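As written, the chain order gives the labels A, B and C, with residue 1 at the start of each chain.
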Amino acid sequence: MSDHTIRTMRSRDMGKATSKQHFTKGFALVGTYLFLCVMAVIVLFPFYWMLISSVKSLAEYRLSKPTFWPQVLLLSNYAEAFTTASLGRLFFNTAYVGIISTILSLFITIITAFAFARLQFKGKELLFAGLLATMMIPGELFTITNYITVSTFGWTNTFTALIVPFLVSVFYIYLLRQNFLQIPNELYLAAKVDGTSDWKYLWKVMVPLALPTLISITILKMMGAWNSYIWPRLVANDEAHRLVTNGLRNAFKDTSGEVNYPVQMAAVALVSAPLFLVFIFLRKYIMAGVSRSGIKG
Amino acid sequence: MRIVLQNLTKAFPSRNKKSNEEVIAVNNFNFEIPDGKLIGLLGPSGCGKSTTLYMISGLLKPTSGRILFGDDDVTELSTENRGIGLVFQNYALYPHMTVKQNIMFPLQNLKGQDKMTKEQMLERTQGAARLVQIDGLLDRKPSELSGGQQQRVAIARALVKMPRVLLLDEPLSNLDARLRLQTREEIRRIQQETKITTVFVTHDQEEAMSISDMIVVMKTGIVQQIGKPQDVYDDPANLFVAKFLGTPPINVFEGSVKNDMLYVGSDPVLAIKGVADQAVTVGIRPEGFILDEEGPLRCKPVNVEVMGRDVSVVSTHDASSNPFVRSIINADNKIDVTREYVRYGIKSHKIFIFNKETEERIYFEVK
Amino acid sequence: MVESKHQWKAWLYLAPAIVLLLVFTVWPIINTVRMAFLEDYSIAAASGGEASFSLGVGNFVKVAQYQDFLVCLKNTVLLCLITVPISTLLALLVAVALNSIKPLRKLLQTIFFLPYVTNSIAIGMVFAAMFNIVGSLGTRRPLIQTVGIVNNVIEFFGGSYVNWINNGSSYWPNMFVLIIYIVWNALPFKILILLGGLQSVNKQYYEAAKVDSTPRWRVLWRITVPLLSPMIAYVVITGFIGGFKEYTSIVGIFGESLGPAHAPGRLNTMVGFIYDALAQHHQGRASAAALILFAIILLVTLINLQVSKKRVHY
């Protein structure tokens, strides 16, 4: 259908449109916005409640009639939360594990994806299919043996135990390989003509061109470290190596009953803050990465 | 640099995994490319011309045969050590680098005694950019350039390290018609300024004819004919070459030789000698027709296409292999398309006859 | 195109990944199966101690007979069956609504994605706070200070407060809180995928529907849903896979006791069962449970694929 015919049809529609049609159309639009706003409020409310609770005094929090704006801004809750949960130590540990494991993981992902995308060797297809097949298996199945392995290696309560077992992500390799494959073969040939080695071509041409994917992987990997809970609790739950999620859970064991919620909420807000900052600045990469991955962290 | 191709053959394993047959992309290619010439490899797609180019570049290794640059055997040498420049069909510019970075890239890869200082590299880069007239665009990214400009950058990148041989893969195919004319002159100019032996691949015969010193016509991996463009056009070795060169294409007829007379259908067009009686295929170039009330070839006129200086007469003939016969006649002649027949005489050097089976040329003498 | 003679170079590139995969992926697969079918496997044996084992399905029998396991299985299945349809339907409605508006779309899209970038333990604690009754419920003379914001809202509309998660609360209120939280957590990913799918649907179908003056709900069910069916199938399948691995949300709300004070472990799930067994050094039992989990996930995925084969229009 040509543009022209569409336009004439539309204008004919407009001509026929009765006031009733206008009304239902407007009604539907209002309904749509209303629905979206209600949903948005539901989605946002926990964040709002977290923030205002975190600055209330304990007495105010316990008022039987809740206040939706704090009577006094009690920022000391944050200081208390920071020391109670020793968040400084936890943040440092998590950042350390996150950064080291991201760098190593990126390196391994890049060279592996490159081999699968560009190099030729016997059994390539078979090996790659085998790799993809492991994605089917739930991670819990690996955890049991890995826990034993890590104990055997004497890595319990070390950062190594938190970093090494998760350096290879088949999914990231897959993601990057697909991205590498989209880079035209001619560039590789041109680089050969220009006298480049495979290694130099990888880092000078392919990596810069796949940068958006690499950024997505970096963010997801960092978020993974920030949110990991089960594995760190198993292998490294001592003071010196504890990561932030476990630290938070450990510092505030109770979730019901007599709890100092303002301080707890302040701690939660502090733990959530880095994630939100990353999200605000790198939203594009996160959403792109997630829509392709379908995995959390 | 003289390039010698000796018995060059390339076989690819068949795509069909069940059959073990190989596909012969290039079959026993022998040719000596003289130094400093511009050579066009010409043929329809799948004829092995690009494969030949890639073998010269070293990106593909020949199955058998040898490649020599001058007296050096480079057959086993990898691409980066051959000292060639290659311009890809889609240019293959690095999208994340500026024009300057793209052109400089090959220089940064030089090793050992060839290694250059930053200043030398910059100078060479600017020289190459000047040569292809893009020195004003050095800080742009490839995506900010037009197709023609990208083409020039690709040529500059290929030339910057002063290659012994310059190779171009379908250099004009991604350009629009007007730019194509301009760029092919440009390629000619650059080649003549640099005197680098240049081989380019094209499926467009007009392109190859217009700028090449020599053309190589290929079909299904086999070289059909090698020669100066005009010689190949005037003296095709077989029906394929005759059909492939020339616009409008040559007119092909069913014909025969009987008692030293060449017939097109039942029209006796030319008295010849030296050919035994047989059925033949007859090719007549469009410009080989002469309007002649008494002429031997009778065609039914259909239409006249005006082309300015000339007119193209579209007509039919029972013995024609194509739906229409096209002849190019000086526009001064008035043709009445309502007439039942238009009669032509034939220029004897514009008519070729070919063996019906082998399609090889049959040479004859005019009586 | 380029023919390389240096195959060994490729293996050099692959070496780090292959070594790590062998140790942390391939070996666990083999070992889990081995441990699951060995009787009386323990950490002592795992670290090289001598013991003789016999093969058998003892671990599986033990797991199946285990009361805790049945509780975990029930919780997991219930949570899956309830949260996946709810979150998919809500996400579909939100995505369709988002797709039909112009102003504010970017902002709303960002808001709806926010729950994704959260720490599920941390925000679980916020949900717990919202549903918590501060006071000494379950004691002889309960003293209540605040009933929590959710109960406040219920009371505002004239209802009476519910003991959601506190001492003495019953099973379904507990589940209700979990369902709300899990749905809230699952929405962003589903909305993102479905909206992405909607945006790639050819606008001409809608033009055609407009010309035929098709009512809105019909457009939704007869055009949008069928065209979106591959994406819907995708979010449902990943939803089920994720649902069967549910664990951290529960830790977020109930803490490591996985239940209200009077009934710890009541809301445990399959994954929780596996980790409990592991923490108690019952590797055999953990492995058997992990294999059962894998089998269930595989089965559910296959069923989903089978259903979508009939329903999905590619």
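Please note the rule applied: contacts are C-beta pairs under 8 Å (C-beta built on N, C-alpha and C of every residue); 3 or more make two chains touch, one makes a residue touch a chain.
Being a predicted model, the structure only gives us computed values, none of them experimental.
Two chain pairs are in question, A-B and A-C; the one with more C-beta pairs in contact is A-C. Of all chains shown, A has the CA centroid lying nearest to the centroid of every protein CA atom.
For subunit C, the chain whose average C-alpha position is most distant is B. The distance from the centre of subunit B to the centre of subunit C, with each centre set as the mean of the Cα atoms, comes to 63 Å. If you average the Cα atoms of subunit A and of subunit B, the two centres end up 56 Å apart. Taking the mean of the C-alpha atoms as each chain's centre, subunit A and subunit C sit 16 Å apart. Counting only residues that touch two or more partner chains, subunit C has 1-3. Listed for subunit A are residues 189, 192, each touching two or more other chains. Contacts with at least two other chains are made by residues 59, 79 of subunit B.
Those residues of subunit A whose C-beta lies close enough to touch subunit B in the complex are 184, 186-187, 189-196, 200, 204-205, 208-209.
Subunit A makes touch with subunit C in their complex at residues 1, 6, 9, 13, 28-29, 32-33, 35-36, 39-40, 42-47, 49-50, 53, 61-66, 108, 111-112, 114-115, 119-122, 124, 127, 131, 134, 136-149, 151-152, 164-168, 170, 173, 185, 188-189, 192, 198, 223, 226-227, 229-230, 234, 244-245, 248-249, 252-259, 261, 264-265, 268, 271-272, 275-276, 278-279, 283, 286-287, 290-291, 294, 296.
Those residues of subunit C that touch subunit A in the complex are listed here as 1-4, 7, 9-11, 13-14, 16-17, 20-21, 23-29, 31-32, 35, 43, 46-48, 90, 93-94, 97-98, 100-101, 104, 108, 110-130, 132-137, 144-147, 149, 152, 165-167, 184, 187, 189, 192-193, 196, 204, 207, 210-211, 216, 234, 238, 241-242, 244-245, 247-248, 251, 253-256, 260-261, 271, 274-275, 278-279, 283, 286-287, 290-291, 293-294, 297-298. Of all residues in subunit B, those touching subunit A in their complex are 57, 59, 78-80, 84-86, 88-92, 94-96, 105-106, 109-111, 157-158, 161.
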